[in-house]
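To keep things simple, chains are lettered A, B, C and D as they appear, and every chain counts its residues starting from 1.
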Amino acid sequence: MYSVNAIATSAEPPQWVLTLSCIDGPGIVHAISGAVVAAGGNIEESQQFASRDTGRFFMRLQVGAVAPGGPEAPAPFEERFARALAPVTERYRMTWRLDTVGRPVRTLLLASTATHCVNDLLYRQRNGQVRIDVPLILSNHTTARDIADFYGVPFEHRAISGAEDKAAFEARVLDVVEEQRIELVVLARYMQILSPGLCEALAGRAINIHHSFLPGFKGANPYRQAHARGVKLIGATAHFVTTDLDEGPIIEQDVVRVDHSYSPAELMQLGQDEEARTLRRAVTWFAENRILLDGDRTIIFR
Amino acid sequence: MYSVNAIATSAEPPQWVLTLSCIDGPGIVHAISGAVVAAGGNIEESQQFASRDTGRFFMRLQVGAVAPGGPEAPAPFEERFARALAPVTERYRMTWRLDTVGRPVRTLLLASTATHCVNDLLYRQRNGQVRIDVPLILSNHTTARDIADFYGVPFEHRAISGAEDKAAFEARVLDVVEEQRIELVVLARYMQILSPGLCEALAGRAINIHHSFLPGFKGANPYRQAHARGVKLIGATAHFVTTDLDEGPIIEQDVVRVDHSYSPAELMQLGQDEEARTLRRAVTWFAENRILLDGDRTIIFR
Amino acid sequence: MYSVNAIATSAEPPQWVLTLSCIDGPGIVHAISGAVVAAGGNIEESQQFASRDTGRFFMRLQVGAVAPGGPEAPAPFEERFARALAPVTERYRMTWRLDTVGRPVRTLLLASTATHCVNDLLYRQRNGQVRIDVPLILSNHTTARDIADFYGVPFEHRAISGAEDKAAFEARVLDVVEEQRIELVVLARYMQILSPGLCEALAGRAINIHHSFLPGFKGANPYRQAHARGVKLIGATAHFVTTDLDEGPIIEQDVVRVDHSYSPAELMQLGQDEEARTLRRAVTWFAENRILLDGDRTIIFR
Amino acid sequence: MYSVNAIATSAEPPQWVLTLSCIDGPGIVHAISGAVVAAGGNIEESQQFASRDTGRFFMRLQVGAVAPGGPEAPAPFEERFARALAPVTERYRMTWRLDTVGRPVRTLLLASTATHCVNDLLYRQRNGQVRIDVPLILSNHTTARDIADFYGVPFEHRAISGAEDKAAFEARVLDVVEEQRIELVVLARYMQILSPGLCEALAGRAINIHHSFLPGFKGANPYRQAHARGVKLIGATAHFVTTDLDEGPIIEQDVVRVDHSYSPAELMQLGQDEEARTLRRAVTWFAENRILLDGDRTIIFR
């Protein structure tokens, strides 16, 4: 995800966010902060983490421009910053990404019948809480159409009744990703299993949400199984999509308390509320460049 | 658990607790409340639940004695109540149990090396928060001995280094259960797997605690696995012991939030805090006759 | 609230809910359950509570019809039940209410600029999670209009710029309550203080939501104050409206964790999420007849 | 708290923790990380925060020694680090503190009758979870004596029955603080109000714990008031002691859910559990140099 060294172009907001990772070692922070100083910037927010598992170092910086300063003055800040960063990122062989704080992330929503996640994301997108642009909702059902209409988001229905339909649906996903310069694909209760090819094509930029229980239940109708086992907590997990079904790097999890009196239907409704909340947080953090990958684990710089 | 129709004998506290279950049908509450009235009692607290899964009806009543009233006056309340209940429990073929509110439950603690659950239960037992009497702690390690000494609880160490030792340990458990009239066996981080025979002998009166994760992890060193997967919540589950390892009816669950910066050791420490809290609740509810079994599910009348 | 002995008329759902309160004493449950039996009903769900503070007894019953049974057969169940209840409610001088389970409660929403509570309630009303009918949204601002339009709910704007406007607004509230047979008024972030007269007219059937902090903050801009004090939890309280501003009987409360890095604006956004969730629960419980009043305290039969 | 530039002496653990604050401006991180590099160190963990409220910058670094390197090789790392830091801390007029990671903080516990906080801290101190040394427990009651004995901690009882006793108690506190080089005073349910003089003498190094409610309650017997108002959450707040009673900078807060059926006594017991948990966290963070003060707010670098 971080190998695309995108430089955001919006000049409006006065902050930039730099995320990076490299093999841990002395002097990294000093070198990075030196580039900030050289570009005439100020560190507004900074988080870092040294992983003992992989020996890698991770950092997220929010930087503001202080003053024109010196010979770089005419150039926009992000150019100056990128120029000052170049020798550092090269020397430490960093994977990095520079973005503008607050820039909405171009997001494709995939949906099926359930609308709770789509509704929650669009409501919060509109009120500014979740910084995403949604050029399209692609669904194999029509239930989300009127919500899409209300929020003025294009909606495209493609029924899936066989392998051929599914392949066509996935091809359409890849086309949209390219045509619309999609940065994030959100499986907002899209209930089809992605093909391995699509999983790989979207690695690190596709987020899925699913219910979670203690203990976990495999197979169909998990809320019925959870009811049968009398669980006391039901929850949701948002994770990156990988070819291991529902086993990608975990981004966020949450639970809610239930008791013996809840029917499977009530468990499902509460579970859906948790799904919407949990997915919303994962999408927000992605849009704010707060999620980095350390092997199979996520680093969340909240 | 409820087939032993124990009648508690302490006359001091003025309330009794009746728990019962039977096949659901009209008139049950009316019949039971009629017995309360006939015995000169008053319902202080009542909870009930009709299970759609099994078609059974469950009830927990706390009853106080109102007045001597009528010809039964000389008899103690629980005798009058038991007499009034007899035709009702017979007619509806009820499984029932009558106990005194606040009577400490005779409890055997099984322990191994970790002491967090033993310490928590004994501290709360002493300050009156958890109503249990602990005539013995039986452990295959010695680490809990000084805590036991401090709280004045007999401690017995029996090392387990092979199948023979384990069989002897389990035989000792059954002896203590009988000699000491033990009502509840708590596996307070006792790390040996119980034999099927012992599980059956203690069915419905042995509580275990173990760590829980979303998703679940099988095998050794689960905190290391949880760390490797980057889970965001770690928790604990208290359940009745059955021959299905860690799959008995769930009594209570809880979780705590963690993030990428926690080491496996820190995850374990937080997990242990959750284990102590969760086990404490399960033991408290058991001691207060708040747990009933509906097939593989627990009904918790909190 | 419970003095209006409304008998719901929908014959469709096969369950009825009875809520009642009276001075505590022996025999109440027996008498009530006798009326259920006499009417040919079965108790599906029952909760009760004896208040030591006021000496009153509270009960909530869900009852299904078993069989036509006896000479009352031709009459609908709720008539038979009401007839059987009459001598009991009279004898114990009960305040009671009989309703149909699942009947949507006629609800008037009052709003101002913020739309998070209105949006949450209407979304959940439409998907069946919150059982209310909303014949009107009355607001002193226009921000909620398009959400109302989307959900097909009539919206009426009445600006308030002085005492006269406010009196007219409140008069309109009372008119709507009468004309539309409103059972519940929800102040969904309606930011005007209700006059004492309106508070009294709506006693026990108007729910307000507001932010809550540990410790509490009086005066303007509480999120700024909460930020200044560095609180670690922010929350929301749903309560019945009384003439004591924000001091009515508490129905539900919840909190979310924050830290030093949250700006006042971010605190407010998280606080609004909590407000929507907390209000939703309070409205749901009201619609399900789960809230009873014991002096200044609520009994919540969940 | 951070003006004492203590240099810890333990050579055993290979990490040091640096906390600092100064007026925010460009180049701070670069200068600090330069000192780390110059001393032959590596940044293992780093957190920072720029306060918009006060314009100050806050940082916490954990640093390990990489290599002897250069002419400073013979000197211990913390000496080299202190020498390299000197021009930086001077130039930015920093308040700073350098400590050894894992060094137990010398802590004086003040207690009264309730023992839940003392017990929790001592249990966790012994198992290594909370890094404190407790040379003395000073109490105006004797209830904590046997717990102190069990954990081998000196216990001193000084009854307080009037102003003179209290002044003597406080004088003894100050003596102990000096004689025992106390770094942290924990009011572990010490129920006397500290005099303004003592508050000032202990500013930034005394932590208090008290119950917290939504809304807050003033005056005696808050659990009874909370019960009377029917609160649904009860909690605890740990804060620094200031002359404003219970209004010092908040360190940590937590809550637990309750309902109408809890008696005042039960509320108190749950509240005490929350107090112990919340205080434990605050003490742990203090011992790990994770708490910095930004005016009346705490920065918690978890």
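In the analysis below, a contact is a pair of C-beta atoms (placed from the backbone, for glycine too) under 8 Å apart; a residue touches a chain by one contact, two chains touch by 3 or more.
Note that the coordinates shown come from a computational prediction; the quantities given were computed from them, not determined experimentally.
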item	value
Shared chain contacts [chain C and chain D, defined touch]	A, B
Which of A-D and A-C has more C-beta pairs touching across its chains	A-D
Most distant chain from chain C by Cα centroid	D
Rounded Å distance, chain A centre to chain B centre (Cα mean)	43
Distance from chain C to chain A - Cα centre to Cα centre, in angstrom	38
For chain B, residues contacting two or more additional chains	45, 49, 261
Chain B-facing residues of chain C, complex	24-30, 33-34, 36-37, 40-50, 66
Residues of chain C defined as touching chain A within the complex	45, 115-116, 119, 123, 127, 129, 146, 150, 261, 269, 273, 277
Chain C residues touching chain D - in the complex, by the definition given at the top	49, 52-53, 212-216, 227-233, 235, 237, 246-247, 249-255, 259-261, 263, 294, 296-300, 302
